[in-house]
Amino acid sequence: MMRSNGRSSHQLRPMNLTVNVNKYAEGSVFIEMGDTKVLCTATVDEKVPPFLKGQGKGWVTAEYSMLPRATQSRNQREAARGKLSGRTMEIQRLIGRALRSVVNLQALGERTITLDCDVIQADGGTRTTSITGSFVAMAIAINKIAQQHKLPVFPITDFLASVSVGVVGEEPLLDLNYEEDSKAKVDMNLVMTGSGAFVELQGTGEESPFTRQELDELLKLGEQGIRELIAKQKEALGPIALMIGSGQAGREA
Amino acid sequence: MMRSNGRSSHQLRPMNLTVNVNKYAEGSVFIEMGDTKVLCTATVDEKVPPFLKGQGKGWVTAEYSMLPRATQSRNQREAARGKLSGRTMEIQRLIGRALRSVVNLQALGERTITLDCDVIQADGGTRTTSITGSFVAMAIAINKIAQQHKLPVFPITDFLASVSVGVVGEEPLLDLNYEEDSKAKVDMNLVMTGSGAFVELQGTGEESPFTRQELDELLKLGEQGIRELIAKQKEALGPIALMIGSGQAGREA
Amino acid sequence: MMRSNGRSSHQLRPMNLTVNVNKYAEGSVFIEMGDTKVLCTATVDEKVPPFLKGQGKGWVTAEYSMLPRATQSRNQREAARGKLSGRTMEIQRLIGRALRSVVNLQALGERTITLDCDVIQADGGTRTTSITGSFVAMAIAINKIAQQHKLPVFPITDFLASVSVGVVGEEPLLDLNYEEDSKAKVDMNLVMTGSGAFVELQGTGEESPFTRQELDELLKLGEQGIRELIAKQKEALGPIALMIGSGQAGREA
Amino acid sequence: MMRSNGRSSHQLRPMNLTVNVNKYAEGSVFIEMGDTKVLCTATVDEKVPPFLKGQGKGWVTAEYSMLPRATQSRNQREAARGKLSGRTMEIQRLIGRALRSVVNLQALGERTITLDCDVIQADGGTRTTSITGSFVAMAIAINKIAQQHKLPVFPITDFLASVSVGVVGEEPLLDLNYEEDSKAKVDMNLVMTGSGAFVELQGTGEESPFTRQELDELLKLGEQGIRELIAKQKEALGPIALMIGSGQAGREA
Amino acid sequence: MMRSNGRSSHQLRPMNLTVNVNKYAEGSVFIEMGDTKVLCTATVDEKVPPFLKGQGKGWVTAEYSMLPRATQSRNQREAARGKLSGRTMEIQRLIGRALRSVVNLQALGERTITLDCDVIQADGGTRTTSITGSFVAMAIAINKIAQQHKLPVFPITDFLASVSVGVVGEEPLLDLNYEEDSKAKVDMNLVMTGSGAFVELQGTGEESPFTRQELDELLKLGEQGIRELIAKQKEALGPIALMIGSGQAGREA
Amino acid sequence: MMRSNGRSSHQLRPMNLTVNVNKYAEGSVFIEMGDTKVLCTATVDEKVPPFLKGQGKGWVTAEYSMLPRATQSRNQREAARGKLSGRTMEIQRLIGRALRSVVNLQALGERTITLDCDVIQADGGTRTTSITGSFVAMAIAINKIAQQHKLPVFPITDFLASVSVGVVGEEPLLDLNYEEDSKAKVDMNLVMTGSGAFVELQGTGEESPFTRQELDELLKLGEQGIRELIAKQKEALGPIALMIGSGQAGREA
């Protein structure tokens, strides 16, 4: 199959991470995966949700939204409709859960990190792109806390990135754009750590159930894509990258 | 690990399917998996949602709800709160998507089947139990259509069931109850067809990322559980079971 | 007039009370009046609503809901619509008010009993059936408190049941099913105590105003029906029935 | 018992009906029962709700609201809270149902009459006062239709008024003000026709169940009060009063 | 241009202020500007919104609503729609902001004054009429506080009134009624103080932008109208008027 | 007074307009006024709202939103709160009204242009910046229609821009940033056309009423700022600028 821009089946779209794009947020990243563009900001709040109060632990949560004209045709704002769609809630629950899996909430202390993922333009893979970008924004914000508060240990335990894979026609593909995604018979989102373990695995064969062999091929494609994404995250984070999973006290220098 | 009631790690809870429990619904099932009890009703509507109008295709959708005292402590009703939780929306989207994967919507014609899954009592696995039960309620309802309308072919193409698997301590377990689920470091829901293909695969390692080897063990446990559940579905459906995937015209006799 | 199943005008439908049907709730009853089936659970909460705080008094409240396919055609869920209908609010206010009339809230202490009445199948009289069933669930729950807390006196002061009466054609009937109810020109719901006093009397002649004589006949029919319902409640409650109105300290033995 | 202003137990509060107080509405009345003051407007709409379309019948419906400072302390607006309270819904359902009982919907034709009852000041009995006032506003509006459209017959079949009765201490009282109502052990609202039949009967003994004898005394008090209210309605309506129940063609002269 | 009732271009409609029309509210006024009629009540609450707590300052806020049949055709209630319209929110923000501009919040102390402006009948200028009337209701309520609490200084620093002006055809007009307003190419609302300063100036030329010269003419018309309105307010307030801007301690005598 | 970055009192912040930043929208602009950054997209819909159907006229409307972390501290999303704030509604009504004032809706034909103004970063003046940017996005989108449809005449009749002015201390300032705005005693937003006429004038002196002389000075500052903004719009629009107000048929060449 010929992919747009001559991509091969196991090739990611051109990816770009621009850090510190917001003058107020404790961490911020503008992530581009091809034509999918997401602004991720991390806000640090020196308190935790009611269910965690007094336990000495922190929390990481996320919100996700698409601008109305992020897509081919305009979508009504959820604020105007008066409620979040099921899709939005599903995605923001996923982002929060994924990020928490690599954060030592005890080490973070009684703080909440809120990741806002606002999709400026959408061309497939907005949820996976949001996770990959949010991880970087979160790392910048947590590093700021670490520099100010001498945390006992840097609270991020591993890298984390996410990518989609899918079967289009009979071919397994990495990092589907919107056109590919809408033709895919199997669609899978992977969230994995720097050490190669799975954090989330969500595969759907609504159009056509998939076999164990197809699953194995998709996992292999995804694992390779994740490795490449994490390499980009390291580059964007510079010296902060060294703190992740280091077990060092939470100070850069 | 000692499971309650002396279950082994690869043993389902006692399962019971009682069909035709509602005098009005076109299809209905009361499904019990241990102490998890769900009432599934299927409603046939001779029209389709706006986005499908005039295409000659049908639709299958689902709604999910827990009675307030289905759980250890009482939950506020979503109707009283004025909105569905993200969890509820995620679950009902999953149930609908899973069921549609084994329905030939063209053969169904311009009709909607709505599955209502009301959890009467919850002890873990309510979403997987809802899928397994809903499949049976849907089959009964579709058979009623087939008997009245001489469909070109019976619209259900394969069996479908769902089960949870997870890792508790270091041990992979089949069909987790609530207590096990709340201790699990990895939690996975599988939806599979009668022919052994995957329809949905949702694994989460929020507490602890999981390795490829753990994934393989969980999939094996799940595949076996699904086979047993489908055997029970066949028994409950009696002669209707023969129509599923038969490619026969939609009449029982 | 010929009623379905050969019932006479002053005959209740077959009635069944199954107690302790929910493993979590402090009190629970499954009540069947003919084809009307309601699950009533009682939840005890060791606190009171804000308006009662610090007064040493308890509270009894109720919520009511119909499953979407409890009726001939499917009803949209109120949770999906995002608000309770006027009918639902009217009914749950009635149930709560009725139950409170036979509870010594002072003796109950600072506790709230919440009755959830979920209509599994509806064939007329769901509000009256909910009251009759809720009373039993409440008695079981309050007895549990009494056994644990040595209340100064058992807080339930009298029995309480409810039934509908109406005029169909020219004939006054007891305990209308759905078909009768939809043809009735006068429709009345009665809530009465074990000692024969009125707690609620709601008569409506939207189709045709009713005379004083018709009112008197309906009250007579209703009084007799209530007596029979309370006899059934006593049977279902067993030894707990002896505590009601006994003025004894809140312990069974 | 000494009532405020030296009223006897069977005496109504001073009552005033001012008609045509709104320059736009098809019918309007400002009704004062002591310090309870309600503005009732009737709007005629030349169409019916969807469920009645094409049946050649009309509809009568009502909405009820209290201004925030109609009461001793300010109440939050329901528009600000974003939803109607159960009390409001219950009351507006009652007003609509009551008025429909004396309207020949067939004769009205495919029109909707909406009664808006806005409580300007509240001192007990706002729902009964709303019904009594709305009847007059509705009659004025329907008369306007009749004059323009030569209806086959005047659609209002009888007079209709409403009053509250209750037991305070041991004494049955007519037309309770707020102070009496809050001390009443039994509270009953009556809606009756000009010919003395019951349309609605809603008695509540939440504080204390009531006996058959108390019921009989309350009904007697209420019947007398209703007769006096209807006399006042006739006076306010002038020549329009002659059309009501006349069976004449829908023209005044 | 000929205005209805022979008004000249710089003439206000007949204006009437009736004070103390509500038996419960701390201040109340019924204001009529021609056929526009608004009931304004002022409620005193001995606490402030959360954002002001502990600062020793008070707050003034307003709510605005139209009765459904205040206008030519009936409007749906905002309570029934479940939300306030943008127009309503804009107006109530304006009323509150305008009133606060002449209140010394420090001198008021930790109290909230809530002005409820309910439009009984609308014929143009409801927001300006609400401001003019609310000022009087507020003054009465604040005077009541002053009489009870010996405030250090009377908290109202100046008079405040509001009027609309506009260009209809080519002619600048004062105090537009609904018919004029709907034909106006420029529409402006002015809020001014007793000393002739501007508090709010909101001009809109949606139909046709306006020149600097037109602006100057409109301001002149408005200034004159405001002076007349304030004269009426003084008359209605009687001795309370002397306290406003007096710098005296908060006691009338 | 010393302004940040050494700005003089009559100097705009550095302004930047980047056109065509969104691959899907018919028109799009990213506008920066100092640190205030707004993404404006224009969507063309080939239909009109119900109230305009069949009149042969078009419509222009706007929506406005701030990303949660556009500001110093994070704001809750309006979608999560379930409703738009009064401030948001007021702003989006203003933007739509302002843009419509320079569009010949008849010439536009039965089409709707929706402007989405999403504030990426806020530092004062977000509503005025949204108007200035939206005008450019709208012009690009309308030019696209004109090129495809040969409109009878280019529907934009004049340029339109907006700026804020205010009094800080005693000094009138042009184009306030957030810090200045929060200290201003008078705050005014101006919307003006290319020919120097006023479209909207909204001045507020909540902190301190303002005199006629202050008003005159502010208008003068604003007029000059608007001229500079319109010069920038012309530059950004290039050849499209020539069509505006040209009265030419709707084709660029």
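The first chain written gets the first letter, and so on, giving A, B, C, D, E and F; residue counts start at 1 in each chain.
One rule holds in what follows: a residue touches a chain if its C-beta (ideal position, glycine included) is under 8 Å from a C-beta of that chain, and two chains touch if they have at least 3 such contacts.
None of the values given here were measured: they were computed from a predicted structure.
S.K.: Could you tell me which chains are in contact with chain A and with chain D alike?
M.R.: Where chain A and chain D might share a partner, there is none at all.
S.K.: Check the residue numbers that chain D and chain E use where they touch, and answer same if over half are used by both copies, otherwise different.
M.R.: Here the answer is same, because the shared fraction of interface numbers exceeds one half.
S.K.: Going by the average position of its CA atoms, which chain sits the greatest distance from chain F?
M.R.: Comparing chain centres, C lies farthest from chain F.
S.K.: Any idea how many Å lie between the Cα centroids of chain B and chain E?
M.R.: Computed value for the inter-centroid distance: 61 Å.
S.K.: Could you please state the distance in Å, as a whole number, between where the Cα atoms of chain C are centred and where those of chain E are centred?
M.R.: Using C-alpha averages as centres, the distance is 52 Å.
S.K.: Cα centroid separation between chain E and chain F, in whole Å?
M.R.: 29
S.K.: Check each residue of chain A and list the ones that touch at least two other chains.
M.R.: Residues 82-84 of chain A each touch two or more of the other chains.
S.K.: Which positions of chain A touch chain B when the two form their complex?
M.R.: It is residues 83-87, 89-90, 92-93, 97, 100-101, 158, 188, 192-193, 195, 197-212, 215, 219 of chain A that touch chain B.
S.K.: Which bits of chain D are touching chain E when the two form their complex?
M.R.: Counting only chain D, the residues touching chain E are 22-25, 28, 35, 39, 41, 43, 45, 63, 65, 67-74, 77-84, 88, 114, 116, 118, 120-121.
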